[in-house]
């Protein structure tokens, strides 16, 4: 059970198989709440981008040899922002250790890929990673910004 | 996402992208460009005025196309990007490696 | 945490505030999975009806004087069917104890309402209710039927 | 859900319902019927051929309208129900208290 106190504060929770088919539902889980919290549609589009990048990475890389699971937990952050926790039990991976891409490379020198984590950093307001037992826990803070 | 061939202007194929270019649809662009390139086309103008959303999977598809077209000495221009899509492009430095035009006319008059 | 074994079987999980605004997400959570499990669109429409009735009742009646929460848990049932658990911490309520409406009453004698629980019974394949601590737990089994 | 006034045939107002009649939209029907009844209308034919889904909240709205219209000595007929909606109606016994016609023509020729 996700929580045990009966008078709980807003604590939304979604767990589904880590497959691309479930991406729309994961996205709706976060964007519905962002909309209810009064995020502007511009900011919601940025939130969507961050979630897509983080989830697609888990879907693509976290479970190389088995079916895996993915859990989202949404809390209200400071000043009406959102605090999103993304958990998986795949390969231990800290996105904060990934180097930023070289944005000045010429077309033919630019590697294909390597932008996902970078976009997560650019459009989120804060990013933490920790390992909890056999779980990766990535916490992303979204401020309202253009409210 | 929808990809629609609009017209041929001189040597360039003009196509429109609409909807979302994401992890679920990025492959459609790669496939369609593959078909056009196999058919001998080398110069492309992509009208992005109806493209509402792009993620790194979309950037990946566009970068792959741009590299392939460059190696054929062809050209790829993007035109009329919405603000949010344009923002993702500049943050990723794509505006420095792929010609981006404010309007479709600007691209056509190139 | 909803589960502790790392090699878990399919176990989908959604917890949100019990408000009408969240109804579309709750519905999509179940219907996406039904679609992935190969339910026909006719059967999916029946599943939707059952979920709407069960959730709207919790939203309307379970928490008369405070904000409440609602949790869905989806498992694969026998023969590719679905087993849905609906949990809330509201007023203790066993829908199986509600009497069926009188379907032979004349128009002006028919009471307005009282059809929700009846439709749940009619379109689900099995229905269990139990109280777990301070939680209502309603389990609904959906067979594929017209697969 | 969308409610559209189609035409007046003799004394009856013909309206179409489309989409979903559920806990979120059932109230719209009650509101619209209220407006029409306040305006003095008493005879209604509802074309349900585009109504894809109905839940008990929709049945509630229809039953309330039927009772109100009956007490005014008016008439309410439903026509052209889709199979799934028709199924919910018969299971609920509504086919015995509200006239349901197979086609809109059947209702008009009443």
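Note that the chains are named A, B, C and D in the order they appear, and that numbering of residues resets to 1 at the start of each chain.
Note that contacts are C-beta pairs under 8 Å (C-beta built on N, C-alpha and C of every residue); 3 or more make two chains touch, one makes a residue touch a chain.
Not measured: the values here are computed from a predicted model.
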Quiz prompt | Between chain D and chain B, distance of the C-alpha-averaged centres to the nearest whole Å | solution = 49
Quiz item: So how far apart, in whole Å, are chain A and chain B when each is placed at the average of its C-alpha atoms?
Solution: 27
Quiz item: With chain centres defined as C-alpha means, what is the inter-centre distance between chain A and chain D in Å?
Solution: 46
Exercise. Take each protein chain as a node, join two nodes whenever their chains touch, and name the resulting shape: line, ring, star, complete or other.
Key: line
Practice problem: Give every touching pair of chains, nothing left out. | Solution: A-B, A-C, C-D
Quiz prompt | Residues of chain A defined as touching chain C within the complex | solution = 1-3, 6-8, 10-17, 21-22, 24-25, 28-29, 32, 36, 66, 69, 71, 89, 134
Quiz prompt | chain A-facing residues of chain B, complex | solution = 22-24, 52-53, 55-57, 59-60, 63-64, 66-67, 70-71, 83-84, 88, 91-93, 96-98
Quiz item: What part of chain C is in contact with chain D in the complex they form?
Solution: 20, 23, 42, 45-46, 48-49, 52-53, 56, 101, 103-108, 110, 112-113, 115-116, 118-119, 122
